[in-house]
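Listed after this line are the structures, all set down as structure tokens.
Consider the two complexes below, in which chain A is the common component and chain B and chain C are the respective partners.
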Partner chain A sequence: MKNWIQAFSVIDFISVGILLAAVAMNALRRIESCVRAYTLNSWLLSLLIGIVAFMIGETHLYIAAAVTLLSKGIAIPVFLRRIVRQMKITHDVEPYISNALSLTISGILVAVVYASLKEGIFVAGFSKNVLQISVAVILIGLFIMITRRKAVIQVIGLLFMENGLFLAGFSLTFGMPTIIELGILFDMLMGVIILGMFIIQIRRAFASADLDKLTVLKG
Partner chain B sequence: MEYFQFLIILMLSPLIQGIIRKLKANMQGRIGPGIFQPYYDLIRLLKKDMVISGVTSWIFKATPYIVFASTAAASMIVPVITTKSPFDVMGDVIALIYIFALGRFFMALSGLDAGTAFGGEGSSREMTVAILVEPMMMLSIFTAAISAGSTNIARIAGSGLLFSPSHILALSAFMIAIIAETGRIPVDNPDTHLELTMIHEGMLLEYSGKYLALMEWAHYMKQMLLFTIAVDIFFPAGISNGTESLALASSFGIYIVKILFMAGLMALVESTRAKIRFFQLPSILGGAFVLALLSLLTYIMMSK
Partner chain C sequence: MIAILLIPVITAIICYALKNHKLISYMSLIGVIILAVFSIPIITSSVSSPIISLNSILYMDALSGYIMALVILLSLASGGYSIGYIEHELKIGLIDITGVRRYYALFHLFIFTMLLVVVTNNLTVMWIAIEATTIVSALLIGLGFTKRPMAIEAAWKYIILCTVGITFALLGIFITYYASTAVLGTGGVLNWTTLKAIAGRLNPATMKLAFIFVLLGYGTKAGLAPVHNWLPDAHSEAPSPISALLSGILLNTAFYGIIRFVSIVEPSTGSNFTGNLLILFGLVSMGISSIFILVQENYKRLLAYSSIEHMGIISLGIGIGGVVGIYGALLHILNHAISKPLMFFSSGRIQAHYGSTKIENITGVLSSMPLLGTLTFIGVLSLAGTPPFNIFLSEFTILKAGVDKGLWVAVGLFLLFAVIVFYGMLSGFGKMLFGAGNAEYDNQKIIKAHYTGSDIFSYTIMVVMAVCIISLGLTVPDFIDGTIRECINVLGVR
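And then the complex of A and B:
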């Protein structure tokens, strides 16, 4: 089994899948598909951690994989989908720049990451490309937060950044202590819930989740 | 024997077109014409007289020969059943892409030459698509070329099966490039002459008789050639490296299976997708370009 994973470079495939799910965010037009892209990203993330746990046989990585799957893979997507349904948002993502341009810029971001992380940074064993991919995911998440108008999409961008950070920490240190990981996950879960309430409040006050409307004064 | 492998593409390409049409018709619940129908069409067209507009120049008359000859030249470069190519020195992927570009350039000129609105429209659209497709084709082939250590297509094919995430990405970008280059459904509709949608057909609108036959045949050849390049680069397993007749026969059988698989894939894509608006094309082709770029980047990153 371990030989099989090595031979078919499963870890490479999964990490490229994580990157693709983040890049795909730039091309998607509907909010529901964005949530789906995030779900895919989280499942691949937890799969990756699970496989590494299997390869090096560490128990606390199994726990991290399971907790990631439960919180990021199931709880947060379900919550986001409920917000989307509750607000009856129009389906479009409404970016500030066109899809083609946004895809190109995310491609350039990935290129910049590869060029700048080529050498000089200590990485543990197998995970050199995982580190580069995680930094790319962080940057793409940031880029999505900057260029999207809808609050929900900005939250998803933040979540992508968090996934990228998690992956980066994991690839450099083979996972932080379980207690810290649990703390981060709990923090993030709370953050998403609070942001969800914010979105609903913004929507109630301005009849729209479009953050551009926040610049309009209300008497 | 290896000198005549391009005849396979020359002679079988109408058959592949017929098979794609038949499969498409069956998937849509129609019976459809027989798989040999493109041959009958070509023979019929070759017998017919031509009607040539009086305002056209020599470009209009030269284009069918240029297009046909450039496609035939391209098919001599590509290894079909053996990697022992007779034109080994010239068998370069970049040269191949620009031989295609030569044919496309003259086709676009001929569309403009007759001075009709549809021809010019077709030419302008074709060039727009070409600008988007060419770099993406280059990048996805470069991924394979780097890992094989050569841009010679026969050497890429001879270097064996490549299996890594970057090759999967490159393959998916290349498939989208094939769809755009052959004028299939998400990009162009090959079955209609509706003026709002046509790209490739728009440029051929003024042609009739023998010239039309040459242009259509060249189009079938280009399609089969692109399939061949895809299987050469991304699934080279089974292709013969020598010229023994037994090995060539088995290589031919495997080649036919692979090409039929590609044809089935094209028919499936065409039956399940709707044609997209022309102005949305940049977003799909841009996505495919990013796929090709990522394939190159991941290859560079993971190999070192």
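And then the complex of A and C:
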């Protein structure tokens, strides 16, 4: 099994899948599909952690994989879907820029990350591509946040950034101590829940969840 | 030390469980007083020698003790001021009893998260605590949100920007962990004490990368320009006691993270790298805020921009470095943490009286409310950096450090921006303080001229703060001087 994983470079394939799920965000038109892309991304992340746990035989990594699956893969997507359903608004993403341009810029981001991290940190761990991929996912998440006007999509962009961050942390540290990982996840979960509450408040106060309406405070 | 962390949590739970608003406010006050009493022996002993407990997850040295003392002093002041403020909000119907319960519960949780930032030894736990402060304080800002859409906007911007920023800080911490594995061979460490011991052997290139991420992340939280956009909104829309906490100490706890990190990074990269970055961020913050102070029409936002300016000054002080620079920066943290909350308290009073946050709607505060006007005037003069007051002293110390090092460009720009801020602050608040009092408002004032007990209490707190401002301007007391010197010692600066 271990030889098989190495021979087919499964880890690289999964991390590329994580990157592709993030890139796909640029082309998706409906909020529901974005939530689905995020779910896929989280499942792949948890699968990756699980496989590495199997490769190096670390128990606490299995726990990390399970916790990731439960929180990022199940709890948060279910919560997001509930919010989207509660909003009862148009379900289009409505980006500020066209999808083609958005995809192009994401592509450029990935290239820049690869070029700039080529010589810097060498991760001696399981795959030297994972760090680049994770930084690329973080930047794409940030880019999505900047260019979309729906509040829910901003939250999803933030979640993509955090997935990228987890991947980076994982590739650099081979998993933090479980208690710390749980702390970070808990913080994140609370953050998402509170953002969800605010989305509903925004919708009530401004009769829309477009962030265009949030322009009273300036200067 | 664990008791200190538990007290605010317990108080928060009790406050949420109670149903009577008088009872809740007294409970909250008792909570902060007990906290203060318990913390005194711990803070004093941490100054003389570091305390380690709970499997070395908790750690306190002089620097932690110093910042913790500020956190606790301001929670006392702000907890006392809250009583009158919330009473007023309740009276005019901006908040209901559920809101009051939620307010006090969150208030104490907020104190808990800030205390956790300063007592932890582990960089990741510190990160978790700083992120928790964002979440809790965002709820405090958005409190009573149904009636104030602007507060939701502010809270949304705040939580989104700070979470994104702080995500990068975590990446920086991961990179630090990675650098430490290379040195130690086995698993890496994230304990501040261990990292400090091996700081000289960490890979400089890796640490540079880590520092940039951490500075960007915690800098967002500390309100350094150009990642400061959340700050004016959040500070102006939050309830006044919370604005005081945000500006007075929350920014400082984030800055505490940066200071700790600088002391890890500096031995491997050399002080030029970290110093130049901090000086750059400091000057940009001062420059941007000085322009916005000049054109500001809303006095709460003006105060918020003044916070950015002062964070810039602190960053500059740490960037210039050396014993004098760090001393100035740490003293400035203390001075700013006294002057700015006083201003937020008094502006909360002004807002309650006039019902507006626009500078143009308010004139003659000094003639219609002499005591409040005088307190505000002292605060403004102090914040603008006028000589006999405390902030002048620390600004001058930082300036001296800059001159000693021959950083003439930085010193020149510092002076230029300080002059612009001086003019902006005085002209903005001058319009409000002087001039004839508005007769209509004055009549209202006569009707409710007899102050209630909580009003007198709030004013007592503000007068004490004003006295501190003046006395700290004359001389730095020995125990503060000793503590700051011990902090510099802990940071390993010479």
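By our rule, the second predicted complex is superposed on the first by the 214 of 219 C-alpha atoms of A that agree within 3 Å, B and C clash if a C-alpha of one lies under 4 Å from a C-alpha of the other, contacts with A are read in each partner's own complex, and residues count from 1 in each chain.
Here is the rule we go by: a contact is a pair of C-beta atoms (placed from the backbone, for glycine too) under 8 Å apart; a residue touches a chain by one contact, two chains touch by 3 or more.
Note that the coordinates shown come from a computational prediction; the quantities given were computed from them, not determined experimentally.
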Clash or fit, chain B versus chain C on superposed chain A: fit
Partner chain in contact with A:Ile5 - chain B first, chain C second, else both or neither: neither
Partner chain in contact with A:Ser98 - chain B first, chain C second, else both or neither: first
Broader residue contact with chain A after superposition on the shared chain, chain B or chain C: C
First (chain B), second (chain C), both or neither touched by A:Ser106: first
Contacts of A:Val16 with chain B and chain C, given as first, second, both or neither: first
First (chain B), second (chain C), both or neither touched by A:Ile184: second
Lowest inter-chain C-alpha distance for chain C and chain B in the superposed arrangement, angstrom: 20
Footprint of chain C on chain A - complex, ascending: 120-121, 123, 138, 142, 145, 151, 154, 158, 161-162, 165, 168-169, 172-173, 176, 180, 183-184, 186-187, 190-191, 194-195, 198, 201-202, 204-206, 211, 214, 216-217, 219
Touching residues on chain C, where the partner in the complex is chain A: 122, 124-125, 127-128, 131-132, 134-135, 138-139, 142, 145-146, 149-150, 152-157, 159-160, 163-164, 167, 170-171, 174-175, 177-178, 181, 188, 190, 205-206, 209, 232-233, 236-237, 292, 295-296, 301
Complex interface listing, chain B residues touching chain A: 163-166, 168-169, 282-283, 286-287, 289-290, 293-294, 297-298, 300-302, 304
In the complex with chain B, residue positions of chain A that touch it: 8-9, 12-13, 15-17, 19-20, 23, 27, 98-100, 103-104, 106-107, 110-111, 114, 118, 128-129, 132
